[in-house]
Structures are given as structure tokens and as C-alpha cells.
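Sharing a structure, written as C-alpha cells. Questions coming.
Chain nomenclature is as follows: A, B, C, D and E, assigned in order of appearance, with residue numbering initiated at 1 for each chain independently.
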Amino acid sequence: MRLAKLVLALAAASCLGSSVNAADKVKVGFLSTLSGPGAGLGVDIRDGFNLAIKHQGGKLGGLPAEVIIADDQQKPEVAQQITEKFLKKDKVDFMTGIVFSNIMLAAGQPIFDSKTFFISANAGPSQYAGDQCNPYFFNVAWQNDNLHEAVGKYVNDKGFKNVVLVAPNYPGGKDAMVGFKRFYKGKVGEEVYTKLGQLDYAAELTQIRSLKPDAVFFFLPGGMGINFVKQFVAAGLSADTQLFAPGFSADEDVIKAVGAPMLGMFNSSHWAHDMQNAENKRFVADFQKEFGRLPSLYASQGYDAALLIDAAVRDVKGRLDDKDAVRKALEAKRFKSVRGEFKFNTNHYPVQDYYLRVIGRDDQGRITNKTMGTVFSNHADAYVAQCKMK
Amino acid sequence: MSEHLLEIEGLETSYGSSQVLFGVSLTVAEGEVATLLGRNGMGKTTTVRSICGLEKAGGGSIRFAGQRIEGWTPDRIGRAGIALVPEGRQIFPNLTVRENLVAFAANRHAAREPWSLDRIYAFFPSLEKRSGNLGGRLSGGEQQMLAIGRALMTNPRLLILDEATEGLAPLVREEIWRCLDALRGSGQTILVIDKYVERLIALANRHTILERGQVAWRGNSAELDADHGIWHRLLGV
Amino acid sequence: MSEKLDLLLDVRGVSKHFGGVYALNNASLSVVRGEVHALIGPNGAGKTTLIHVLSGALPCNGGRVVFDGNDLERRSMHERVTLGLARSYQITNIFTRLTVLDNVAMAVQSRVRDWGSSFSFWKPFSLDSAIIGEAHALLAQVSLSGMANRLAGQLSHGEQRSLEVALALATKPKLLLLDEPMAGMGPEESERMVGLIEHLAQQVTILLVEHDMDAVFRLADRISVLVGGTVIASGSPEAIRGDAEVRRAYLGDEVA
Amino acid sequence: MTQLILEQALNGLQFGLMLFLLAAGLTLVFGIMDMINLAHGSLYMVGAYLAAEVTQASGSFITGVGVAMLGTGVLAVVLEVVLLRRLYARNHLAQVLATFALILIANECVRIVWGAQTLMLNAPDALSGPVRIGGFLYPSYRLLIIGVGALIAGLLYVLVARTRIGMWVRAGASNREMTEALGINVRLLFTAVFAFGAALCALAGAMLGPLLAVQVGMGESILILAFVVIVIGGIGSIRGALVGSLLVGLVDTLGRAMLPAMLRALFSPEVASSLGPALASVLIYVLMAAILFWRPEGLFPARA
Amino acid sequence: MGLYATTTRRRIAAVFVLLGLVALPWGMRLIGQEFYVSFASRVLIMALAATSLNLVIGFGGMVSFGHAAFFGAGAYCVAVLAESGVTSAWLAWPAATGVAAALAVFVGAISLRTRGVYFIMITLAFAQMVFYLVVSLKTWGGDDGLPLLQRSAFGSLNLKDDSTFYFVVLAILAFVLFMLDRIAHSRFGRVIQSIRENEVRMEALGYPVFSFKLVCFSLGGALAGLAGALMANQAGLASPNLLHWMQSGILMVMIVIGGVGSVFGGVVGAVLLLVCEEAFVEITPHWQIGLGLLLLAVVLWAPLGIAGLFGWGRNRE
């Protein structure tokens, strides 16, 4: 076995060569959830990311881009193993792609320890926004609580009095509840916690029916949310109860799967495919042309992540070894986002607007999200004060 | 070419690496009752298990109704017309008496007077009373009757009984003997294994004695009746 | 008649039924220290069931078993062996994939009271020369010395039966339950086994279940007859031979 | 409150009957051939994928279900004849591992054919809404599942308890050799039973597809539940499988619904909210361990 | 020989392999592939876990389908202790071993009442209970697992260094293998192997079979706990996936591929499986088909695993 390992290592070494001259290309380690119930999210981020590189002619900041893609299977320890390989074997310059916060937290420390920049296209754990904020972590999406906060504020403003909250029984789920309740001040009928990965909600729906709430807010990522909405409608609850969700439970991927039952559902987002800026129009049109579907907000974030790297590499003229320069360039954010303007806060999380969307039919008859209005303007997250980074 | 229904020639059978049968030859003619005798562990059960395909014959030939059947699967041999009443009865404990009987009922060889449930119940009246009981709840004697009835319901051309009366109370044993007498009267071909030599001499005509996996003696009832030395030497009685 | 004698095993009214069918029905039996006690009866009379009940492989549904002053109820199989009650099996039950020597050594080692604990994790067994020595001695006793390093599964039937006895013997029992030790043996092998049992009888009390009447009448000091789960007679070989009920129910015409 | 319990009981019944469809085939295979088939869950997955594919292509849910049952049955026959037959005589460890290998292979094949992403299967439009029963609304599709499950359970009961094939199956489970000696081709019978079990699996997959998600690995978690069911019920017993299914369905559903509220009455809200779901999710395993502790061969042991 | 036996030649070969493994970090540094040192640590830890299961299945004959529970228990124990400030390996690792052993005693005491399939299933049930309990406990990170912010400290030894950690793991594995070899030849080892061969006969010889099985089961659980403690350190995380039933399955696969009932079976299986995974995953994302086929082939044609092919383990018949 010793021999086998040596041979393997030598083979690997000869295949890859060594990457001493870092500046002749940009190496990005793209680690995301590409299989299982959460795969839809990772696939959209990947497609958005790749579309941006294509728009840049296969380059990032003028240098040839090499993107190594790997699947974390939504398992923290798999993510760690791949991260280790990216850092120590492939020696990537940037990493991106992680969808879920728990994966991010598992993989984060070694990335920062090796002084590699992580550009998050989705995961925005509160730890990295607050006391564990890090100079090597940038988030182009949001802080996890933000979308829940936006829904909470809207539900509160609209005067709903009795809301049932549904989330999986895991830290992300409990954080979502906290985010919602930060701006919703009315009565919470019940906080229902489901098993993570649960797909049958018969028992929960029965419970909700007996509570007779006027609104239900749920945070159930991926396939969980799809099933919840379908079963919610099938149980006849939609007649008396308004459904609310953060944008990720009501985006194009979910709409495609659920269809008509989602009509009339409210959700929050910081981006929508019908935003009218030029960059977004081009992005949405090309994405549809390339992949034959409407982009989701994950795709938009993947697209922005690539543009951020592109701008930073261009800024430092390829001198990727100068970590301070790269960081300053990233903080400067010299590109135009598809969501319009946003800027980085001191914790490298975005300060941006959040919108309310409703699901309806567009002029072509497709069921899709329509932007209703702005809930928050220039909204920052609740944790930035705990971040000691300057 | 032969009037024998069953014709075994040079049968050899082994369990793993230890050989049990060393060239056993045996014939049973249509309509006769034959016996297989010998002390414990001499190969009687192995012989009938080999006939039924439950043990793989390592050598020799088994002909049944003109066909070579060694190497056939047990179910094919069963359908060809051999029915076994095994040692220890082995009725299905989780089936009722009725189910034990009807589950395997068949008349593949167009018997003139096929066995039916009613006929079995008439033959073994005590079974009718237990019709709905699970097989596992029967007494030893009832189980043996059920096992015989189950075999008869397949309307076999050859009925094999391994230890026909073993472990039964004397009265029950007598009833089994009476049944076998009646079956012989109806022309059923039977190969029977048992320890009660005197009763077998009365029931059957031709006898084969096995000694350590080989045929040690064969002859008719009169010969066996006459030579008590054989009883003592080969049968341990 | 045997009240004043030194009872080693006292079986009092033991019953065992399997779903309504009685295998043992109020069976009583006593074995005196030092004797060879034979248990005979037709197949299916409950002999093996009784052995199972005595050795603890099956729980009984009623009655008591007292062995060497100990009530055996609720004693597990291995506790009974520790008390000095060992058995052989009717269907040979040895470790076919172990060597003959290992088979016996394993049995010798079971006597923790003599060797210290079997919960010894570190010391190689090959250094346990006392155990191995005794195993060799036992093999000599059952005439298997030459086979010590063969796999037990490769022995002939008769040799396996001898090994079976050696295993039971290795536990140094007070009472040895031998379940049909001669089953399936040829005359020569049977003869050898009878010799072995005669030899063992000088060291240990034996309860012998056997079909071979010649052997039974040769070996036994006393005989009990089990029919239909009940002991219908107990006594000297002569008394049993002359017992009318025994003749009717079991021996019948077979023993003329 | 009674209405709440009644509705939850219906949910439990629906879940239990679906489990029964899986457990029935598994317990028969287990009972007759003493074979642990971990790949049973893969057949369920294949059934669900076939149903989703055909339903989408043909637009008819019934066609989808039919083709799924047929296709999975055929696949099962191939699998049984080519591979599983060789494992009957092997020990349980070998069976566990060989069928574990089948799970890996099946998952990757499905991934190659249908991709890694979840496939969506919708209930027929006519059944996508609720119906009113008594005083409350209940999803009509779930009622259909209860109906189908009960129908199959009844059918299986008649098949096993009243027909000759059922007798052969029971006889084969208790004593294969004797069944063969009486002229029954147990090997063929078993292939048929296996295919039948697979078709039931596919039915469960197709019926649950619209409720759950059609995805790679969907078979594994439910497979474990099916095993729990048959172990509780007693391996090889159809009646045991039914009782076990309903027990697991009800305990799981009612546990999830009632336990958090009950705990809240006993403990502080924080303790209750973290303990409740934890306990609810292990309830059925506690049930199984308890049953095995007192009845090490399950509730209705098939073998005497 | 029906019982496990080691020959001198095999011992010499083991020493050579050990020397090679000791040299590995320098070799990797030479070719600039330090990544593989950390990979090798992971392989050796899995080898330790598989070896612990081999003690239970291969030597004790108890087909446990819940071994992941003990593996995970060790990992969580280290992580929970680290959370409360106990980072000394001298404390945390024995504690992990002890907690896993205690859990194994509890699970074993109940499960060993059952036989065959029921034993397989009840061990699985207990593992599932542990899995769901841990996943539901927010204080232990639930589904996210519990991160280990720093590796345990062995006095002044710096385990943060991948090579140092590797050597510690290697030393532990080598010691455990040596221990297992000793156990296999000890009185106890002979008893459990004979119980595997014929449980009823051992009981009839007067051995308290249940106690022996329980001790063997718990010993296996304890070693799995130690492996789990190392795994948490290697990965920097106690993940609930360590407790998942698929993990139990993978460990079984390893020992079957390597060789059930052979001292080196677990090691051979773990190395083969993980190295193949590492190699194949570069070639095709569908490498699990290959793994499945390999496993099928081993089960059908080489029931004693790789060790059996080379005649390392116990012999059949």
C-alpha cells in the first residue's frame, strides 16, 4: 500500500505540475452542493458564475480563468476534505460556491488560515458577520437573517396578528426564526420545527390547521420548501392563510417545481429577474438563452461573485500574491452588480435594498416573481457591530 | 424396458467430504410395497432423500417411470409422481390442517380414483375434526396422518414413507399400519422405512437391508421371516 | 429404594410442551453418584428433550431438577457446566474449523477455576502449556492423539463422536450426559466407544441415552424407560428386561 | 382536540399503509429465503423515477404508475435471476454487503440517467385539492393513498390467506425443502414473489412521489423504516408487517405531533423545544428496541 | 488452522510496511504534495475504525450494523470536551474511548439478547437513535456538527502540524494492530473466535458466552471511539455523518474487502477503498458504480477479501 500511495502521489504531481507563477492564470476553487435535495441551488450558482466568466471571454481580470468544480454533497466533512485539497494540492487563489451556512462554517477556518479569499455567493452565517468576521471572507449575497427580517417587517407592517413559523430543527432554521421575529412584533402562534430533510408535512399541516393562524412564515430550503407549499395547498390551507417565505423558498427553481399553487405567495429578495438595469437585462437574457430557464437569485449571486473576482484581479494587475492589495480591491467592489447598487460593510457583508415580491403570471403567462416594492433600503445586518475588523 | 416403477442403480451420495451411500441398488415395481431396512445411520434416509432430489446423487442412476431423474430438482421429481412422508413428519405448522392438504393437491397422472379432501377425511376421520387447526397444534399421530394425507393429495405414483411409525403410541401405530394395508389394497406403490420388522413382513413383500451405505441383504418376506440371524446381525434386534 | 443412596441428579416431575404437544410429561428420574444410568425409550419419547432440559438448552414448563444439591431452575447452561454437568450431543457438535487439539484445549480452558481467567487478553495461548498438556492427555484417553493437528471437520464420524466425548470430559464433570454416543457407528466403532465409556465410568457418573440395547445392557447399572414423555420404569437391567409394561410399551417383541 | 387527533391518526394511517407496501415485499423475501435485501429501497427509487418520467411523458398519472410497477417488476426479475439467487445460501453479512453494493450502483445509474437533481412529480390535478370529511378538510390525494394502501393490504390478505399461491408462500417460508418435495417450484415462486414485492415497492414510490421528492437516495431512509417495520412485526409475517407498519406510522406521526406539546407541559420551553423533536424522531427506534427486548423475534414470529 | 494465526513472514512484512509509512511525510514533502500526508492520516484513522469493527464482526462473529454510533460518539466526546475547554489529548482521547465503550456496553447488553438478523437490526436501531438525538441537539451543532476549533494537545507535541499528527495516528494504529494480534492469540481471543464458530457448544462447555461477546463488542466500540476522537481532530469537526448508518455500511465494506477476521483486514480495506476513491473521483464522478461492482465481486468470488486472496487471514474449511 505504501507503494500504491507513492505512485499515486507521483502521478498526481506530474499531472498537475506546480503552480509557482501564480500570475499567469487565476485559479478558482468552486465548491458547492451539486447533488441531493439542495443541488438546485448549487447548480444555479455554478451556472451564473460560469456565465460571468463567459461574458469576460473566459478570463478573470484579463487572466485565463481555471475553475475547479467540486460537489460537497451538502456534507460538512466532505466540504472540508475538498477544501483541503483545493488549498494544499491545487493551491487555488480564490474559493467560492458554498450554498449552506453549516458547510461554510465547517470549511471556513482552513481557508482563512491559508490566506485564501472566499467570495461567498450565498452562505452568510451570522458568525462571519459578527465576532468571527475575517479579512479573507467576502459575501456578495446577504447575511442569512436579512431576507427573514424583510418578511418579518412586511408581515408586521401589514398588520398580521397570528403567525405560525415553520423551520427545520437545525441552527440555520432557528436563526431564521430569530431574524423574522426581530421585525415582527405580533403574536407567534407556534414555532414548528421539522426534521431537516423532512419531506412529508402531514402532521405539521394538521397542527397548523388546528392553530388557525392568519399567516404562515416558513423557511425550508430546497426540496423541503417545494413539498411544504404543495402539501399546504393540497390540504386546503391556502384559502384562509397567507403564506410568506424568504426569497429562497419562492424563487424560480421552486416555482418551476410547484407551479400554480404558488400563485399569490409573498416573499422577500434583494434581486429579481425583472429588475430594469442594463446589466441585469443582459444577464437574464443570456442566462435564459444559455440554460433555457429563468435565473434564480442564486444564479445572480454566482454571477456577481465572478464579477467581483474579475474586478479585483484587474485592479491588482494579476499580482495575486499581494494579499493586502487584493483585499483592498475586493473591498472597493469596482463592478456593476445585476441587483443595482450595493456596497460592502465593514464586515464584508453587503449593505443593500430588500424588496417584496409576489408570485403571479407575467405578460407571457408564465408564473414568476413580480417585484412589489422596497421593504428595506440600504439595510445592513444585525451583527456588524460585533465585528472588530477594520 | 422394465416393469419397475423405480429403479436405482449404484447410488452414491456424500455429505460434504464424508460419503454415506456406496453404490445402493434398489427396485420398486408398480403396485408393490417394498421396504428399506437397517439400523440408525446406515443410509436409509439418505437413500430416500436422494430419490426425492433433496440430496445430490454423486454417482449411479435413478430411473422413475422410465426417466432418469437423478439431478432433477425436488419439485420436478415431486411433479413426476413421487411423494415423500418424511422423517419427523415436517408438516407445515403455520398452515391449517385443511391448507396442508389442499395446498399441494394435484392429479397429474390421471389417477382413476383421485384423492380429494373428503376422501382423506374419510380415510383419517380424526383429521376432519381438526380441519381448522394449525398443523403445529396436532399431536404426533395426527401429524403423521396429516403428512400421509398431504402426500396422497398429490396422487403420487410412488409414496415413500421414512420412519412411518417412529415415536408414535402403540395404538396410533396400529392405525398407521391399517392405513398402509388399505393403501396397498388400492394398488398404491409404496416404499416404506420402519423398525417394526414383523409388521413390515406382513405389509410388504420385498425387503432391502442397508448396512453402512451398502445393500447387505435383499429378499422376500418369507426369506426374511425365516432368517432371524439377519434380524440380529443387520437390524440390531 | 434409592433414598439412602447418594443422589447426584434428581429430576422431579419435569414437564415440557411445545405449543400443546407434550414432549415431557411429569418425568421423574434419579441418578446415583458413581453409576452408569441408561435412559431408553422409543424415538420421540422425549429423551433428547430431557437432555436439553437438564443441560439448560431448553427451559421446562414444570417440575424441578436438583443436581448435586443445587436447584437448577434459572441456572444458565454455562453455570450448570460449572456445577459439573456436561453433555455430548446426539448430532455431533464440535468446532469443525478448529484443529482437534484446539477443540479439546478450548474445553479444558473452560475450567476457569483451574487456570485463572479466560479474560486474558495479552498472554499468548501457546504459552499455556498446562492447558495444552492436559488437552493432549485427554486426546490420548479417547485415542485421538495422532489426529491432534487435523481439522476436526476432517475426522471420520466415529472419531468425531470420540472428540465429542472428549469435549464433555474436558470440563471435568461430576455427571456426564451422553446423548446417543453410538449413533450411526459401525460395529467396530461401537465396540470402541463401549470400551471408552466403560473406562470413563470409573471416573465419572454417566447418564447415557442410547438405542443400542446390547451396549445399554452391558454398560448400565440402572436403566430408566421413557415413553411418551413419562418415565414408566426405573431399575436394574434385569428388572427392566422382565418388566411387563416396558415390554409392551417399548422393548416389545424386539428383545425376545 | 379529538378532531386534531383524528386527523393526525389519518396521517399516521396514510404513512403506515405506504410503509406496508414496502414492508410486505421485504418481509416475504426475508421470510422465505432468509435474505436481507437492502436494495429493496432502490427498487422503490426506480419505481418513483419511472413513474415521474412516464407521467411527464404521457401526461397520465395512472399510466405512470402502471408502467412503473411493470418496469420495476421486470427489473426485479432480472436482478433476482442474475444476482440475488446466488446469495440465498450465503450468510447475512454477504447479503448485506452485496445488496449494499447494489444500492451504490443503483444510485449512480439513476444519477447518470436522470441527473443529480430532484425530480418533481405532481399529483393528478383532480386530486391536488382537499376534500371535506366530517368536520374538516383533508387532502384528497392522501385519502387516495389510504384507499390504495388498504386495498392492497386486503388483496394481499386474500392472496396469502385464501389462495393456493399464498399457502405455497407460507409453506415455503416455514419449510422450503418439503414444499419443493411436494412439487412446488419454490425458486420460480420466489422469483414471482420478489417481482411482486418490487411492483408493490414501485407502487409505493409512484404514490409517494408527488408527496415526497423523487431523488437519488430516497430509498435509503425509507428502507430503514421498512426494516424497522418487519422486525417489529416478525420477519416473514404479512400480518406482522401490517401491524408493524401501522404501529410505526401512528407512533411516528402522533409522536411528532403530540410529543413537543406534552413535553412543554413538563419542562421549560427551551428544554421542550430542543428535546421534543429529538425524542419524536427516535421514538420508533425506541419502540423497536423495546419490542425486541421483550420479544426478540418480533410480534408475530413466522417461524415456529 | 481455524483460528487466526500470524506467521513470522507476515510479521516481517508488517514491519517493512510500517517503515514505509513512517517515511511517507518526508517523501511527500520531497515531491511537494503535503496534502497527501493529511489524506494518509484520514486513511489510517478509517483503518483504525474498520479494524475495531473487524474485532466485532470478524473475530467475535457479531454482525453489528451500528458501529458508526461508537465512532461518532468518540468524535463528539472530543468536540464537546474541547467546547468546555478540555483540549488535552491525555484527557480527551481516553474519555472518548471510555464514552464509546460505555455506550457499547449499554447497546451490547440489550442487543446481544437477539440473534442473526434481529441483532443486525437492533444495533442499527440504536445507531439511528444516537444519530437522530445528536442531530436534534442544538447545543451539539445539530445537523451542522460540532467544529473542533483546535486539535487536541499532547503535552508539548504540536498536533496542528499535519506530519506530527500523522505520526501520532500511525503510532496508535500500529499499537492497536499489535494489540489485536496479541488478543487474537490470547485465551480471550481464542474464546471469542470459537464462539464465532459454534456459540451453543461454547455455552455447553461452560463459557459465559454472553459476557465474552459483550466484552468483545465493547472493546470494539472503545476502539471505534478512539478512532472517532482522531477523526474529529483530523477533520476539525464532529460531523453527524460519522454517526450515519451509511458510515456503518462503509466500515463493513472496508473489512469485507480487506478480509473479515484478519488482523490487517480493516487496514487493507480502508486503504484500498479510500485510495481508489481518491483516484477514481478524478476520473469520473460516478466512481461509486466501480465501488459497487468491486464490492459485488469480492462478495461473490472472494468471500474472505483481499487478505483471503493472499492467505493472510483465517482459513475457510
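Simple rule for what comes next: contacts are C-beta pairs under 8 Å (C-beta built on N, C-alpha and C of every residue); 3 or more make two chains touch, one makes a residue touch a chain.
Being a predicted model, the structure only gives us computed values, none of them experimental.
The chains in contact with subunit B as well as with subunit C do not exist; no chain meets both.
Common neighbours of subunit B and subunit E under the contact definition above: C, D. Chain centres computed from CA atoms place A at the largest separation from subunit C. Work out the mean CA point of subunit D and of subunit E, and you get 32 Å between them. A separation of 44 Å divides the Cα centre of subunit B from that of subunit D. The distance from the centre of subunit A to the centre of subunit D, with each centre set as the mean of the Cα atoms, comes to 36 Å. Among the residues of subunit C, those touching two or more other chains are numbered 19, 153. Contacts with at least two other chains are made by residues 71, 169, 195 of subunit A. Residues of subunit B in contact with at least two other chains: 136.
Listed by label, the pairs of touching chains are A-D, A-E, B-C, B-D, C-E, D-E.
By the touch rule above, subunit A contacts subunit D in their complex via residues 34-37, 39-40, 43, 71, 169, 191, 193-195, 199-200, 202-204, 206-207, 209-210, 222-223, 226-227, 230-231, 233-236, 257-259, 261. Against subunit E, the residues of subunit C that register as touching in their complex are 55, 57, 76-78, 81-82, 86-87, 89, 93-99, 102, 105-107, 109-111, 117-126, 128, 151, 153, 167, 170-171. For subunit D in complex with subunit E, the touching residues are 30, 36, 83, 86-87, 90, 92-94, 96-98, 100-105, 107-109, 111-112, 220, 224, 227-228, 231, 235, 274, 277-278, 281-282, 285-286, 288-289, 292-293, 296-298. Interface residues of subunit E, counted against subunit A in their complex, comprise 17, 20-21, 24, 27-28, 31-36, 38, 40, 42, 135-136, 138, 141-145, 147, 149, 235-237, 239, 241-242, 267-268, 271-272, 275, 278-279, 285.
Residues 1-3, 182-183, 185-191, 194, 197-198, 200-209, 212, 215, 315-317 of subunit E are the ones touching subunit C in the complex.
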